[in-house]
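The following blocks contain the structures, represented as structure tokens.
Each of the next two complexes has chain A plus one other chain: chain B in the first, chain C in the second.
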Partner chain A sequence: MTLAAILDASFAALTLLVATYAIFARGLFAAVVAFISYGLLLALVWVRLSAVDVALTEAAIGSGVTGALLIGAAARIGDADGARAGQPKAMTKIIAALLCVAVTAGIAAAVLSLPTPAPTLAPRAVRELPATGLGNPVTGVLLAYRAIDTLLESVVLVFALIGIWSFSRDGAWGGAPRSPDAGTSDSALTFLGQLLPPIAIIVGVHLVWTGADAPGGAFQGGTVLAAAWILVMIAGLRQPPRIDGGWLRFALVVGPALFLAIGLIGYGIAGAFLAYPEGFAKPLILLIEAALTLSIAVALGLLALGAPARRHQP
Partner chain B sequence: MSVGMLAGLGGAALIGLGLYGLLTHPHLLRKIIGFNVMGSGVFLLFGAIARRGAAAGLGADPVPQALVITGVVVAFSATALAVSLLLRVVRETGGPFFPDDDGAA
Partner chain C sequence: MALATDIFSILCISAGVFFFFAGAVALLRFPDTLTRLHALTKADNLGLGLVVLGLLPQVDGVLPALKLCLVWIVTQLAGTTLSQLIARVAREKASKA
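== the complex of A and B ==
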């Protein structure tokens, strides 16, 4: 067994162990913390799978922003009345466990019977890449070959946000979400809230810029910016914005709208929806990514904040 | 065993594990965690397929990778929506459970 194989096996075992704890832990808070650690371990697994773009996304969104969301929810709900709800009967648990084992066994059997040699689109992706002017094949798939997926994804973010906003009380509509303010004037938190955002802006913009040629991109960069914004609000340095603000709504839709507009222009100039005119693929992709980054950062931050809770006092 | 196979089998285990949490936990936030564990198991299956498709000098097929990046973002949107629904349930019924589970509401 080589060192790499031992490393892979240990990562896999540790990830499964922490995931098991996240499911079976007694306390709600312990489960949430385990889930966040699980996300970070998973990011390491993605690195081992040579999928660095996915690793960055998993660490930033799957673990980071999702973690902030779950911790916020856990803090507001609490675990105190956990005993009030009846646990399922032992028989129900056994049947559920058998079902889950059967599902796992079925999928494992499918994994073990995957065809060899494995089908792959990598050679085609690499072959067509020079036409886009990009150096990162994953960005090529996201913004050139399968740009329609990415366009719809950026729309999904806006729709999810509309869904969340619609859970607000009638009286709070158009107001601001509840502040994630930690509530204490903790000087370390204030310091971090002042120190980290400039660094986060540089890192975020860098991730977007290098995303064309190296791991990174609008989603990874946008998440870093969203995280900095959430941190500033937790530190109490800024209040959440009211959701009827004009600039806010502009920032939310500018990415998908520009993406859609460039896609439609493709009909006229390049002959197909989302086709880029020859020679202009890379500048257009960078323009779309820049606008998407702003929209993604604002959307992720607002998704984490939740429904408007109060009218803004002018 | 190759790292691709390992990820595939790990993904299969995570799907079962997450499904169990989703089915058996009465607490709705625990259900959301289970659902997310299940989802990341599905993503790992994609990772296994991407890794097996390593070719043309790439460590992994970029197409499944791009699908997973899209998937992670959409999964976060769904989780945020689910948490908002949950907070609404708490506001309406006073507890993070389906009303049927405790007979109170």
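== the complex of A and C ==
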């Protein structure tokens, strides 16, 4: 057994162990912490599988943003003190367990019945890549071959946000979400909130820019920017924005809207929806990615803030 | 030359792993929050620094080396701030009890 194989085996075992702990953990908070650790371990597994793009997304979205949302949810459920009241009955638990086992068995059966070698479009994707001017096949798939998937993904974020906003009370509609800062100003936190955002902006923009030729992209870069924004608000340096702000809503939809517009222009110039005109694929993709990054960053930040809670003052 | 840098890397990274291990043992064995934090942050900052120092001769180019250093600095900043916040909460809880 080589050293790499031992490393991979221990990663796999540790991931399964932490996943099991996340399911069986007694406390809500312990389960959330285990889920975040699980996400980070999964990101390392993706790195070992040479899927750096997926690893970055897993670390940023799967572990980072989802973890932050879950911590917020856990804190609110804990406040309500109703976590125990909603305990499911034994029968419900058994049915849920049986369903989980069935899903696992189904996935296992599907994976085991895959033909070897597995059918793949990878050689074709890499062969056609020079036509797009991109160096990263993942970005090629996301924004050229399967652009419609990415377009729908970027729209989903806006819908998720509308779903959260619809939970606000009538009086608070158009107002600002509750501030995430704990109310106690802490000099260390303030310092971090002032020092880290410039670094985060450079890293975020770098991730988007490098996404054309290497692992990275709009989602990864957007998450870093959103994290910096949330940190600034947690440190109390900025207040959450009112959700009826014109610029805020423009930033929120500019990415999907531009994507859609360029897709529709493709009908006229290149003959198909989301087709890029000859020779313009790379600049157009970079333009879409830049706009998407802004929209994703704003959407993720607002998702983390939650529904507007403060009364709207016209 | 390559052998010398490899030995340097192995020594540094092993020392780094040792400090990480010591920090983890302290987290499990020390009696209260503040002493645990104290041991954990110091040991981990030094441990990560040693790992980064050990990796520096292995990367080619100045830019990847700078990135490694940036990772160390940012991790230290975040760790320091977090431990400060945890310590504050722990002290407030202790003064209430």
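The working rule: the second predicted complex is superposed on the first by the 284 of 314 C-alpha atoms of A that agree within 3 Å, B and C clash if a C-alpha of one lies under 4 Å from a C-alpha of the other, contacts with A are read in each partner's own complex, and residues count from 1 in each chain.
Keep this in mind: contacts are C-beta pairs under 8 Å (C-beta built on N, C-alpha and C of every residue); 3 or more make two chains touch, one makes a residue touch a chain.
Since the structure is predicted, the reported quantities are computational estimates derived from the model, not experimental observations.
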For A:243, select first, second, both or neither according to whether it touches chain B, chain C, the two together, or no partner.
-> neither
Of chain B and chain C, which one touches more residues of chain A?
-> B
Regarding the shared-chain residue A:225, is it in contact with chain B (first), chain C (second), both, or neither?
-> neither
Partner chain in contact with A:186 - chain B first, chain C second, else both or neither | second
Could you tell me if A:195 is touching chain B, chain C, both of them or neither one (first, second, both, neither)?
-> second
Look at A:76 in the shared chain and tell me whether it touches chain B only, chain C only, both, or neither; answer first, second, both or neither.
-> first
Give one of first, second, both or neither to describe whether A:288 is in contact with chain B, with chain C, with both, or with none.
-> neither
So which positions on chain A get touched by both chain B and chain C?
-> none
Parts of chain A lying in touch with chain C, wherever the complex brings them together | 184, 186, 188-189, 191-192, 195-196, 199
Chain C residues within the chain A interface of the complex = 70, 74, 77-78, 80-81, 84-85, 88
Within their complex, state which residues of chain B touch chain A.
-> 1, 3-21, 23-24, 26-27, 29-30, 32-34, 36-37, 40, 43-45, 47-63, 65-70, 72-81, 83-88, 90, 95-97, 101-102, 104
Note which residues of chain A are touching chain B in the complex, please.
-> 4-5, 8-9, 12, 15-16, 19-20, 22-24, 28, 31-32, 35, 38-39, 42, 45-46, 48-51, 53-54, 57-58, 61-62, 65-66, 69-70, 73-74, 76-77, 79, 81-82, 84-88, 92-93, 96-97, 99-101, 103-105, 107-108, 111-112, 114, 118-123, 125-127, 137-138, 140-142, 145-146, 149-150, 153, 156-157, 159-160, 163-164, 167, 217, 219, 296, 300, 303-304, 306-307
